[in-house]
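What follows is a set of structures for review.
Shared between the two complexes below is chain A, which has chain B as its partner in the first and chain C in the second.
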Partner chain A sequence: MLDIIARFANGRGFWPAIPAVAFLTVLMVIPLVLLLSFGFSDIVVSRGVIVSQDFTLDHLTKILGDRLYLLTFQRSINLSLSVTALCLIFGFPVAYLYLRSGTFARRAILIAVIAPLLTSGIVRTYAWIVILGGQRGIVNRALLDLGLIEAPLRILNTHWAVLIGMTQVHLPLMILPLIAVMTRHDKALDEASANLGASRLQTLRHVILPMSVPGIGTGATLVFTLSYTTFVVPQLLGGGNYLNAATMAFEQMVYSLEWSKGAVTSTLLLVTCIFFIGLFTWASQTTTRWIRQEGVA
Partner chain B sequence: MDGAYVGLAPFVAIDGLTKRFGDHVALADCALAIGRGEIVTLLGPSGCGKTTLLRCIAGFAEPDAGRIAIDDTDTLALPVNRRPVGVVFQNYALFPHLTVAANVGYGLKMRGVAKAEIDRRVAEILALVSLSELKDRYPIALSGGQQQRVAVARALVVEPKLLLLDEAFNALDAKLRAGMQAELRKLIKRLGMTAIFVTHDQDEALAISDRVAVMGSGRIAQVANPIDIYDRPASPYVAQFVGTSNMLEARASGGVATLPGGIKLAAPISGNVQVLVRPQNFEILDASDARAGWQGRVTFGRPAGAIVEYEIDAADGTSFKIAALRDSPAGHLPVGAKVGLAVRDAGTCVVFEASS
Partner chain C sequence: MSGAKKIALTDRIGVAAIYAIGLLSLALLVAPSLIVVAISFDTRSYVSFPPVGFTFDWYAKLFATPELIQAMWVSLKVGLIVTGMCLALGVPTAIACVRGRFKGRQALSVFVLFPHMVPGIVLGIAILFAGATINARPSIGLQSLAVACFILAVMIRIVMARLMRLDVALEEASANLGATRFQTFRHVVLPLLMPAIWAGAAFTFIEGFDNISVAIFTHGHRDRPLPVELMSLVQNDNTPMVAAVSAAQIALSVVILGVVSSTLGLEKLND
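Up next, the complex of A and B:
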């Protein structure tokens, strides 16, 4: 016993991880396993209590054969990959600006990036309704007043609204890991690069970008995971027309009370999400290795 | 001027260079002329502006006034990436994501040199710094000395007209440092390269350079060859910064200054003067010896290789730093021993006007 306490205290091996593991087991793993088990069984619920649960693969096979699910998951993946790409396209320049800025501007950028995180995602999503919404939305009013369009554009309650809203809501999660990389970036490397004849653009391309790959990997993983699993933004900005996998699982669980179907959808969501996280990690490592081997940088 | 650059138009001409950071003047009207193929060291205490001067030459900092010309070309007009200047950074600044070969080839690649040509020139320069076997390593897997050689190779391969090295030996241990200094000097001389080294280590400055520029608070105090800097410092500041020195007070009149013990020195000025006497220019005598100009007591003794360094306090409170050969009669004085001191050679003393 003393031995265990001693090992615990000196922080070696897996002992220090025990509290976290115990916590997660009780509060996450067990409920998750229970939930997922619904997908592999017929359950009978009476007054909110499960009265019988019999093993079956029916739900799984039915869903795997259903084209609706295939389309929904495809839509989810497309959307999340697009959001990830947009976040990278908008986020990297901000991080680069951060790198090139002085102390004061850096602080301003950091505040601008973090401030939205202090507001709930739901509130930020509602803001997009005001901006994009029908005839009275800011965008449409401006375009109409400028005479650029004749009739209001239909953006809200479409795929585009979801894409725009989700990109804005998740952008900080791409920028923050990139800023973390930039903070650690050694300015002497840029000076060395310039001294060796590189223009600013060449330095960006050959020094800063390759060294940001780990940050891009982290940011992409965060943005993808959140975009893939959120049902708030699609529900609010998609106006109920827009069905992605997460929304589907939510509706099956909460509205139609098809717990077994919902559990299968959740399982698929979890498995595919883990697959993509693995893919991003692999891509980030491979890119790093490739840059090194080929000297492409 | 003694030890100044003599010759045709200097290869590197720095004139009136001034750089301010807010109220702080980091460089005040610096002038320096360097001949082709010369190695000059900027020597000075921490914060005197050595790095700032290099950064102005390389283009990382913009001077407020002044002129820099390299090979008759106005360098300040050129952007950083067009200046004919190679820099070896203090911590080498090697690209961590690139191999040794890619680090060295970086400059050629940025200039659009063909791949085969890059490979050839990189192989050539790596052979020159004996790093050929390590070309596929990453910087993190190199020792300090190897990293330094990569940094030097990377700067040299693009054939700059001027090589700048900022405290290039700081990260190396003393023994390796001496070896690398000699090696680098040979390499630079063989390539006929012109170079400016920055250091605050006077041994390094004396070992590596043709001429030394001693800096103090943003100014260049003296430029001369290492021997003249030591033997004929232009000011008490230089005298005290380079080597160990004893500054003695004396009075001069009629072109002659007289030190205790009857030593007479030629003095170009009259009134109160300061006289520089180096530690090895004292003779340690018996306390009763008539030739002694001072009587004192040994307060400290420290063997340093072939010599012993003593601190000897005279009766009037003056403290002397004295060096004696260890195998001479004065080589084993105990602390507290009473001795007499005399100046050996008036010719190597230097007389300065006393600072008021």
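Up next, the complex of A and C:
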């Protein structure tokens, strides 16, 4: 086995990559092309096998002309942008705390940030059902005990529950890239700024923030794409009636078995998602270039 | 003088506010998991916090629920198959991407890392369609292939990052000393790559075990993996048993964190 790997591995040629390229062609390229074609077809499915497939533009035109789809995708984009902004607001201070901490505290922060990433998203979402849920939920009990509210608030199964839960679940994805860029830069730069008489806030504003831009870009891309495409959090915290693009595709595929509609929805999801990745990357690169030119950092 | 004092005061308040938000975020990251673990030992048959008693009953119930045990086995199998496939496909590809000297090396990197941009839900649906076209119904096999395709980029990226930092001179020295290509790979490159390979294996295993976005469309109808089972459990079960399942998963992730931090180091993981 090792011998085979070694023969594959030690060449300078293309061929060690051949198996992976073939694998990805069969399991990614061809399925994505099929996905596109399914959006243009009328499909009859029986027991998970396609019985017939006829060319039609009906689904595509119907969906593109349907206001429900427009609203659903708008809701998804709004939600994901809000989650991204909240993750930045709550995540940046954690990375700053990390930059200012000693070895032991740094380790503790890394464990607190990485451990949730290794835990199932369903488990982390479940925790929020317990915290936000009905009358016995922790938040409602605390607010009632403090006398701040008279009757329990309805948080679970609303937009707010999805927003809160998604922000917490995706927070590590913003913090890790920020920590990576902040620590990569020379600490000397930071110290020089302090020696020149800059206060810590001025150093933050003129040194640390500008140099974090690429990290913000990476983190925002990760948080946005996951928030935009996950159905777990909205399904569990939004109840059955919270509809965004991902839950719509999920329901079309799993519950109502409308495969043609599901194909169009997920194609739109993929295209818009890649558009936003491009937009975020462009924004981050342009800002970085602008900062260099202006000499802010 | 008063101007300098004013700056010092706003500086202190500003930095204190940032620290406060940072600490709040850290608490919010950790607290929910701790609450779930606490609830899993509660004696009441409904979920509430803080717990009023201590019992292992929910864990006993968990191990007496055949669907959950079955789901755990399915997820374990998928996790191992996915890890094996990603090792076999990913390590050689990473080497070609970094050490290769051929036209289109850049294009190869872009191609093999592209799946990372495809959302799991889209890939899952696309592979379900492809399977239906060639009469391959959802099963453990289809699920494993789909999840491996989804996560392969992560394995490639971790190994590539490590390889880029290895000094090519080491390999050249080995060759100059008369080592064959196999000997160089076996005794020089592979040992240096091991930390990255371990970390990649840990991540791909977790994804194989835990993935739901791809798995929910491609899993076999009789072989429901743990995340799919857990998802319906969370929606339909109100007892602390769900907390016990969750706590068990949290324990597993802590073990894996220990493995990763002792092989690759937590700091390096994030570079």
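Assume the second predicted complex is superposed on the first by the 272 of 297 C-alpha atoms of A that agree within 3 Å, B and C clash if a C-alpha of one lies under 4 Å from a C-alpha of the other, contacts with A are read in each partner's own complex, and residues count from 1 in each chain.
Methods note: a contact is a pair of C-beta atoms (placed from the backbone, for glycine too) under 8 Å apart; a residue touches a chain by one contact, two chains touch by 3 or more.
This structure is a prediction, so every number in the text was calculated from the model and none was measured.
**Q** If chain A is used to align the two complexes, do chain B and chain C fit next to each other or clash?
**A** The answer is fit.
**Q** After superposition on the shared chain, which partner residues are touched by A:288: those of chain B (first), chain C (second), both, or neither?
**A** first
**Q** Look at A:194 in the shared chain and tell me whether it touches chain B only, chain C only, both, or neither; answer first, second, both or neither.
**A** In the superposition, A:194 touches chain B alone.
**Q** I'd like to know which partner A:146 touches here: chain B for first, chain C for second, both or neither.
**A** neither
**Q** Residues of chain A touched: more by chain B or chain C?
**A** Comparing touch counts on chain A for chain B and chain C gives C.
**Q** Which angle, to the nearest 10 degrees, do you get at the Cα centre of chain A between the Cα centres of chain B and chain C?
**A** It is 80 degrees after superposition, to the nearest 10.
**Q** After superposition on the shared chain, which partner residues are touched by A:207: those of chain B (first), chain C (second), both, or neither?
**A** The answer is first: A:207 touches chain B but not chain C.
**Q** Note down the smallest distance between any C-alpha of chain B and any C-alpha of chain C in the overlay, whole angstrom.
**A** 9
**Q** Residue overlap on chain A between the chain B contact set and the chain C contact set?
**A** Comparing the two interfaces on chain A, one with chain B and one with chain C, the shared residues are 199, 202.
**Q** Considering the complex alone, what residue numbers of chain A touch chain B?
**A** Residues in contact with chain B: 186, 188-189, 191-199, 202, 206-207, 210-211, 288, 291-292, 295, 297.
**Q** Quick check: in the complex, which residue numbers of chain C touch chain A?
**A** Answer in residue numbers: 7-8, 10-11, 14-15, 18-26, 28-30, 32-33, 35-36, 39, 46-49, 85, 88-93, 95-97, 99-102, 104, 108, 111-112, 114-115, 117-123, 125-133, 135, 137-138, 145-146, 148-149, 152, 156, 181-182, 184-186, 189, 206, 210, 212-213, 216-217, 227, 230-231, 234-235, 242-243, 245-246, 249-250, 253-254, 256-257, 261, 266-267, 269-271.
**Q** Which of the residues in chain B come into contact with chain A in the complex?
**A** Residues 58-60, 80-83, 85-87, 89-91, 93-99, 101-102, 105-107, 110-111, 138, 154-155, 158.
**Q** Write out the stretch or stretches of chain A touching chain C in their complex.
**A** Per the stated touch rule, the residues are 2-3, 5-17, 19-21, 23-24, 27-28, 30-32, 34-35, 38, 45, 47-50, 89-91, 93-94, 96-97, 106-107, 109-116, 118-131, 133, 136, 138, 141, 168, 171-172, 175-176, 179-180, 184, 199-202, 204, 225, 228-232, 235-236, 246, 249-250, 253-254, 259, 262-263, 266-267, 269-270, 273-274, 277.
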